[in-house]
Each structure stands twice: as C-alpha cells, then as structure tokens.
Amino acid sequence: MEGLAIMTSGGDAAGMNPAVKCCVDYSRTKGFKPFLIRDGLRGLIDNDISEATKEDVSGIMHRGGTVLRSSREPRFYELENRQKAYDNLKALGITKLIVIGGDGSFGALNQFYADFQIPFAGIPATIDNDIPGTDYCLGVDTALNVIRESVDSIRDTANSFSRAFVIETMGRHCGYLAMVSALASGAEMCLVPEIEYDFESMGKRFRKDIADGRNYIIAIVAEGTNMADYTTRWIKDSLGMDARLTTLGHVQRGGSPTVRDRVMAYHFSVAAVDSLLAGQTKEIMTFKGGTYGTQPIDVVVNSKPVTDQSIVKLCKCLSV
Amino acid sequence: MEGLAIMTSGGDAAGMNPAVKCCVDYSRTKGFKPFLIRDGLRGLIDNDISEATKEDVSGIMHRGGTVLRSSREPRFYELENRQKAYDNLKALGITKLIVIGGDGSFGALNQFYADFQIPFAGIPATIDNDIPGTDYCLGVDTALNVIRESVDSIRDTANSFSRAFVIETMGRHCGYLAMVSALASGAEMCLVPEIEYDFESMGKRFRKDIADGRNYIIAIVAEGTNMADYTTRWIKDSLGMDARLTTLGHVQRGGSPTVRDRVMAYHFSVAAVDSLLAGQTKEIMTFKGGTYGTQPIDVVVNSKPVTDQSIVKLCKCLSV
Amino acid sequence: MEGLAIMTSGGDAAGMNPAVKCCVDYSRTKGFKPFLIRDGLRGLIDNDISEATKEDVSGIMHRGGTVLRSSREPRFYELENRQKAYDNLKALGITKLIVIGGDGSFGALNQFYADFQIPFAGIPATIDNDIPGTDYCLGVDTALNVIRESVDSIRDTANSFSRAFVIETMGRHCGYLAMVSALASGAEMCLVPEIEYDFESMGKRFRKDIADGRNYIIAIVAEGTNMADYTTRWIKDSLGMDARLTTLGHVQRGGSPTVRDRVMAYHFSVAAVDSLLAGQTKEIMTFKGGTYGTQPIDVVVNSKPVTDQSIVKLCKCLSV
Amino acid sequence: MEGLAIMTSGGDAAGMNPAVKCCVDYSRTKGFKPFLIRDGLRGLIDNDISEATKEDVSGIMHRGGTVLRSSREPRFYELENRQKAYDNLKALGITKLIVIGGDGSFGALNQFYADFQIPFAGIPATIDNDIPGTDYCLGVDTALNVIRESVDSIRDTANSFSRAFVIETMGRHCGYLAMVSALASGAEMCLVPEIEYDFESMGKRFRKDIADGRNYIIAIVAEGTNMADYTTRWIKDSLGMDARLTTLGHVQRGGSPTVRDRVMAYHFSVAAVDSLLAGQTKEIMTFKGGTYGTQPIDVVVNSKPVTDQSIVKLCKCLSV
C-alpha cells in the first residue's frame, strides 16, 4: 500500500481537524496507508511522522486549532533539510502528501516537489481568506462567527452607554473578515485595505446621525489598515463621543468549527485525495462559483488574491 | 414615493430579521417608502400594516425568529379576503410586496398577483431547504449549527457512557438538515427520505464495529422518514446497545442568525428590491452555483425540490 | 508514596473532567501517587486502572462528559467482584479512593468500605441536584445554561408564531432543573413533583391572559411529573392554542462546563483530598450555606433530598 | 398607589435587564405603581421617566446590557440638579427608588436621600465584583463565562502553535475576574493586584516546565496590575517564547445573562422591593455566605472591598 502523509502548516484555522480526519478516513477507503506529520514542516524534517491510528482522529471533528500542531520552519529553506525530509518519507514508504495551510506552506511543498518529485495536494486553510483562485479557505466561517458574537455583545454595551466601539479584526492585508463582519453586524463604519476611506465625509455623516439621535457607533477596522488607534482617537476628538478599542486577537482563530467549515473540510479532503489518485502532482483545492475543483500551484504563486467584489461593493458606503 | 411592503410568512427561520432590516434600508435608498406587514397574510387581510420606522428595524439583526411575526392564514384562500388585502394596500399607496418565506407563501402571493397585479419578490426562507431552484434558503445555516452544538454535546455523553443516541431532525420531506448534520458531526448512521436504507446491512456493519471496540453510535434521523422510534428500538433489540431518542424540535428554528444567514439575507434583499425596481413582477430569489439570481414563481410551483446530490452521495454509506 | 485512585461513576455530568484534573494535580502536591480508574465500577473490578500521566489530564478542563467514562455495574453487588476490586487496588498500592458521582455510587463505595476498609471521599456530581446535605452537585449549572439557551431559542419561535411550547427537562424525581429554568427564562407555567398543580386554576389564568393579548406560552415540565404529553394536549384542547412538545433529553448532560462548575470542581476536589489526608474514611463533599464542607455517607444514605425551598416558593405561582 | 421608580446606573452588566423586569413585576404584585427612569441619573434630572408598561419589560430577560441604558452624570453632584430630580419624582407620585449599579451610584442616591429623604434600595451590579459586604454582584457570572469561552478558544490556538498568550481581563482594582478565570481555564500564570508576583521565581518555574516539554503558556493579567504589556515582553525576552497579547475589553460586559445572573437578579429584586416595603430607607442588597440579605449604605461607603480569600489562596501558586 502506498503511503500518504497529511500535515497542517502555517497559522492554525478552525476546520483543520475535520480535514485531517476526512483525509485519513477517505484516503484509507481509496487504498492508501495514511500517515500523520506533527508540527508541520518541522516534523517533516525531524521525522515526527507516524501511521494514523483510529485514536489519532477520533473525537477531533469538533475541536478548534489543529491536533497535528503547526509551525513556521525556516530550516525548510535549506536543501539539506529538505533532503532529510525526503529521506524520512522514503524510509516510511510515503509517496504523496496533503498539506492543509496557506500559500506559504504550498510554496514550500512546491519547492520540495521541484527537488524530489513528491506529489502533493493543498487544502486552503487560513482565516485571512486570501488565497488566489478560491472563494473560500477553511476557518473563515468559524472566525466570522466568533467575531459576530463579540460584536453582538459589544453592541449591547455600546447601546447601554452611548459610546463608540472600534473593533480590530485579523486578516493581514485582506479586509474580507472585517467587511463581512461589518455587514453581518450592521456596523456603521468599516475600514479595509481594499477601500479608500474618507474621514472628512465620515465626519459629516456621523455628525448628522448624532444630531438625529444616534448615540453609539460600531466601527470594524481591518488590521491591514493599521488605523484602529487613529480611528478611536478620531471618534473621541472629532465626534466628541467616548470611544473604546477592542483588539479581538487570536480569539478569532479558535473555537469549534462551524458546520460550514466542517462540510468544506469534507469536500476539500475528498478532492485532495482524488487529485492525487488521478495522478495530479501539485494542485491546490478550490471552491469557486459554488463548485469544488483544483488549480495548479503555479496559478496560486503567480496571482494576487482578489477580495470578493460583491462584498467590497456593499461595504463602500461604510468608509465614506 | 411608491410604497413597498415587507412581510414574513409561513414557518419562521433565522435570517428573517436581517432580511427585513436590509429590505427596509435598501429599498429606502432606492426611493421606495417601506411598510411592514405584521403576522404575515393575517396582517395583510386585517390591515396590520404601518410605515417602517427606524425603531422597527433597529437592533433586530441578531435576533432569531421574526419580529414581524408570521402565521398560516387559510382565509387568504377566499377571494373576498384577498380583495380586502388589496384595498388595504391601495389605501396606503403600496404597489409592491416582498415576502420572506416558503413555497406556500409564494403561491399565495402568486394568486394575489393573478387577481390584482401587485408585483412581488420572494425571498426563500425555510430551514427545510426544499425550495426548487435555489441551493440555499435563509435559516438553514443557523439550524445546522444549532443541531451541531446539540450533537457535539450528546457525543460527550454517549462516549462517556457506552450508549447509542438517535437524534431526530426537522426538514419535513427533505433530508438536507439530517444529512449535513450527520457529515458535520461524524455520525455513524443517517436515515433520510432521499436514500434507501438497509437495516440488515447496517446490522452487520455495527456488529463488526462493536466487536472491534465501538461503544457508542450517533444516528441522525430525518423526521420525514418517521423512523426515529423504530431505529431506537432496533439498536436496543438488534444490537443490544442501550439507546436514547432526542427530538430536537423547535430548538432548531431559533437562535441568533449565523454570519452566513445574515450575509445571504443581505444579498437576497438587495436582489429582491432590484428585481422589483427592474419591473419584474413575480420572481423568487435564488442562490445557485455560487451566484445570486431570480427565477419566476412558475418554475418554483411546477418543480420538485432536488436535494444536493453531492451531499446525498457522501451520505449513502451511512444508511447501509 | 501512597496510591490514591480517582473514578467517575453513574450518570455523567459536566464538571467531572475538571474534578478529575484537580484531584490528580492537588493530590500529587500532597504526596499521593494518583491513579485513574476507567469506566467506573467496571474498571475497578476488571483492573482497568493506571497511574495518572500528565497527558491523561491535559486539555480536559473544558470538555463535557467524563474522559474516564462511566458505567452502571451490577456485578459490584456481588462480594466476589468486590474482592477482585480490592485485590486490584492492593496490588497497585492504592489505599484511598475518590469517587465523582451520585448517591448510588457513594452507596457502592460505602459497602466496599464495610468489606475492606478502603477509605473514600465522594464528590457530588449529578444534574438532578438531588443529593441530601449539599446545595450543589457538579453539572447543574452547565445543564441549566444548556436548557436556558434552548428555551431562549424556542421563545423566539414561539413569539413569532403564536404557539405554546412545552419543554420537558431531566431531573428524575427532583424538579430543581425545571424550576430554575422556569424562573431564568420567564416561563408562564412550571410543573414539578414538589408543587401541587391545578389545571383548572391555570386554565382561568391563561384564558384571561389570552383575552388580554397573550399569544404564546412557555411551559417547563419536569420529567418526574410525567405530565409533558398531557400538558401539550391540554393546551391544545382546553386553551385552543397550537402547542408543541420538545424533549431536550441528553443534550442537557453535555456541553463544556461553565465557570461555576469548574470552580465548584476545584473546591470539591481540594476538600476531597484534604478529607482523606485528615484520615476521614467515608465523607461526601458538601456546599451548604455558601461554605464547603463534608458530611458522613450515612447522612446521605439516611436522608431524603430536599429541594431549595426559596426556589419552590418563587415557582408556586407558575403551577396555579 | 405609591410610585416606585427603577433605574440602572454606572457601568452596564449582564443581569441588569432581568433585575429590571423582576423589580417591575414583583413591585406591582406588592401594590406599587412601577416607573422606569432612562439613562440613569441623567434621566432622573431630565425627567426621562415613565410608568412601566408590559411592553417595556417583555422579552428583555435574555438581553445583555441594560434596556434602560445608563450614564455617568456629573451634574448630579450639584444640588440644583438633585432638586430638579426631586421635583420630577414628586410630580409623578414616586416615593421610592431602586437603583441597579455600583458603589458610585449608591453613593449618589445616598446623598439624594440626605437631601430629600427619598428611600432607596440598591442592587449590586458590576462585573468588577468589588462592592463591600456582598460576595456577588450581578454580571460577574456572565463576564466569567464570556472570558472562559475566549480563553478556551485561545488555548486551541496556543496549543497548535507553541506560543504564549497573555489575556488582560477587566475588573479595575479587583482581581476577582482574573483569578477565577485563571482557575477555570487552568492558566499557568495569573497577575492580580491582591497577590505579590515574583518574575524571577516564575522564570525558574517556566524554564523548568519548558525543559520538560511545555510548549505554550496562558497568562491571565488583571487590568488593575497594568502589567499586560510587560508580561508579554517578558515572556518573549526572558523565556524566549513567542507571545501575544489579547485585551478582551468590553466583550466581557456583554452577552445574554447566564442562569446564575438571572436567578441572582430575581432574588435581589425581591429583596429590594421587600426592603422598601418594610420601611428601610437606604439598604444595599447582599448575598453573603449563601444567604440573601441587606446592609446599610453606610457600611458600603465606609468599607473596602475584600476579595474572596479562598480564591486568592488557590491562585497564589500562579504568581510565583
């Protein structure tokens, strides 16, 4: 039986555990012998690899984070360490890899393929939702619902006390989390890298609203704009409303995966195993226009992420 | 200004409140004067209709159920009551309707259009997810996540005590909720109207699993099969495992809408107002292949709902 | 080092896992060598006992159910099996026991003490909250909050649709869960074994309320009354309001322990280890009048549980 | 009928809404005519006071924050504004007040009593849990459970990625929230104003743990210590572990009240109305040693809050 190893790599995201479980279960039904690599690239280099047991993947479906753990591992940039990794796989009879992570991890495996021709399949998993060519990455729906609960909570207190709240969301250079959260929570203001913002015009809008009786403001600010502190001060100084900043931080990464993240994990896992079965060598799974598919890693590497334009359009009125 | 009235009708579903809010806000930006009808068709007949105020739709985004309330109203089958409804609208200057509900409600508005030519737009909202022509109806994602939390909870206790649990889910004749819940929770058994089940073969499968150490079973049974009681007894009698039945009931309808239901509500509402603006007269909103669109009510009326075949395929192994 | 073994027994309850972890950690700081018994009395008889490792109790604080698993084990009634249990403990150097469970489990350990003089400490854990001499048992707060979320959800839908909901709660012969849930959710009706109910007078009350505009009813019914079906029919037939029954079932047992259950677990565990250290031989932990203490098992065995009278008093108006 | 007015004042806390509802309902059964004051002291001065209707308190039991809204109102320090407040009450026939809030609000009402002899009853409500003479203030249990969910989430991601997380909790000068959260989440470090901390000894402890395999640290730091930033840097610099700071902020104030906060609200409200009925003039409700009671405002004003010493004792090992 051919060995197939599964790893999680890069920043953790909800949905990684269901994907690990589905990859193990489905690959086994297709005749593979599934292995698990611990700690991402570190375990690949240091041979922290073992055959997947029933216990390894039992009761993990509903757990946040990744039971395989993850790492950022600069040693993989060096050929001698990649050689070690290859030797580890060879010794265990592993001929194929599935990596659950982001574009950095996919790039590393691409280099590894160039060196040693180990085919791999990539499952996109990052709460930033910034991988080119797919509308969806694992972890996004869970992160959005964690943010929603926080913002709903804060709205209770904002409304009780006539106060503005600025909430900084994750997402690196991508404003997706911030924009969808702003829509879903009915925020009055949203600042993201994708949209030009105009404080002067916002000042006019809010001063009018306040004159009409508005007594609180919820502002969602993407970390990629680096504007959270400024916005908080601006509300105080320019609008004369008491304002507080909440930085949700890593709370956004955690939590039990939502149904959507579990179901996406299922579909991506089936597609990843099928891609390797079909002899594809370096494909990344995609969900595009409602359909699951694959795209070559080169497309991912050579493209820029494009944020969903229908969401951008709906949010424009929140930045002016 | 042209009056546009919004109502919720039929069984309630999470996401109705965000849809009401978005329809009011967006229609106003497009030059309509929005009205709200209370209690669905009952309010339409009895003139329980008022212009939407800011307070009506403030702070409702995160609330379950429908603040407009709903009803099943057989009086609407009688022409004289539809005449009353028409007179009410005319007196208030309302020339267009948006109805948020299921196929029964759409059919009623279709008859009303045939009688009095009041154009309407329908937003699909039912946890059964059984409206032809759309992959998604409001309320489904929230219902799925409510079920997920219950099943995750029950799994804790099943695992602690070596016991089978049969969980009956809603969905009328459609097994969608049951199937997705079974996938998302890693259930061992799933019975739905769409898939033939074979207790003899399941008996073999489970007896082998039990011999291999399995000490609990989670079975998800759609109410449409009417098999929940039988399955519970069968597990006790035929597998010799203690088994308990949980009927989740209306818990599934409630809860604060998930982000997905809020975002879908946003898109459907924009599409509904745009459809009326464009002069369409009796369209139902759709989400199909990842794209928002509309379809004529006649298609809905003359088609049968088709459950997502990719989900059916993944679940077949849970019924044999 | 003296061996001390920890087990969970009887019906599972949230808070058992934090208690297991605290007993292991705290007993170790006091010089014991902690052991874990799997599957309750079954593991005690069958020698499913091992020294507690760091991994055993790592990451279990927030998990529902019991990772040690539980059982009802009639074999323990037979002396020869208790002899086996004793031999197992002796061989491992275990001289003391902590049992986390209900009165049935405490009684079994009491018999075991009579036979072989193995001192034990009992930590009350049952969602029924029916152990004499303590105001609180582990699992109750978590169960109450699970019920609360369900009832809050159902209220959304009840209010949307002019309908009564009857919700049956667990608790065996004790109405505590039902009563506190009724208060916490503002239910209109509550039937428990502790309070005489009067349907005639309730009929008058509700008919007046309905005439005054009431359009839904939430009724909480304790399983110990066996009145859930009757109440549902009565509301339909006698009040003429559509009514639905939800049986929450084992959902109530599960879920991540609340802070209260975790903190109570902490205090009970410290008290249990301290009780054994002090040379006490068969004490049950208590929380009474805001203070942690212990009581002899004989008091538990010879008393009847008394439901909190201040709660009973507040609920009387919901049964007439 | 004698008028009794209810207000919420100071920082908002979960449980205020159930308390408002219970005060209205229970005072009515005792023959009072209940009034509601909006925006705390501001509404008292500006006559934003109206008789409580059924709609005012319907469906508020499960809502976070306070539907009456709150404020900090320095104008109340001036006698002329207190005179206005008195005139408002007199004109409406209001002879008694219930204030739900913290010690600042109680002090204001005490001054008002000295001026105009309007008896009042105070219900302690603050997530800081720092009101002398009572073990419990409304909002604490909800805040603790919000923090618990966040910390459980963060632990998933900490464990996945070998990283330390510093979580700053609210509580002003009181470390109660931080300490209970640290116990409930099994944190490895906890810094509060009540306990002297020793970084040198913590350094030794953690270096040993890390050598033994520990790969993440959860540190809970009370805002009253002002040590969150320092701790984050210290972990990076002194322990060489990547560390992130999460400031939970006002998320902690919000959320649907837990069962404990709802039940406490019930008891406090009954006690407050009973206190006024019994002719007491300036009592604050208490929960002490498991019993509900009252204490004169002078005791609150002249005492310092004492944090629960059993909790302090359990947490000492987390600061060294």
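Think of it as A, B, C and D in the order they're written, each chain with its own count starting at 1.
As a convention for this text, contacts are C-beta pairs under 8 Å (C-beta built on N, C-alpha and C of every residue); 3 or more make two chains touch, one makes a residue touch a chain.
These numbers come from a predicted model, not from an experiment.
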Proportion of interface numbers common to chain A and chain B (over half same, under half different): same
Chain B and chain C, separation of their C-alpha mean positions in angstrom: 36
Chain A-chain B separation of Cα centroids, rounded to whole Å: 28
Where chain B and chain D are represented by their mean Cα positions, the distance between them in whole Å: 39
Residues of chain B engaged with two or more neighbouring chains: 152, 155, 159
Contact graph of the chains (line, ring, star, complete, other): ring
Sites on chain B touched by chain A in the complex: 21, 59, 61-62, 135, 141, 144-145, 148, 152, 155, 159, 180-181, 183-186, 256, 258-260, 262-263, 266-267, 270, 288-291, 310, 314
Chain B partner contacts - residues on chain C that touch it in the complex: 8, 11-12, 63-66, 69-71, 146, 150, 152-162, 165, 244-251, 253-255
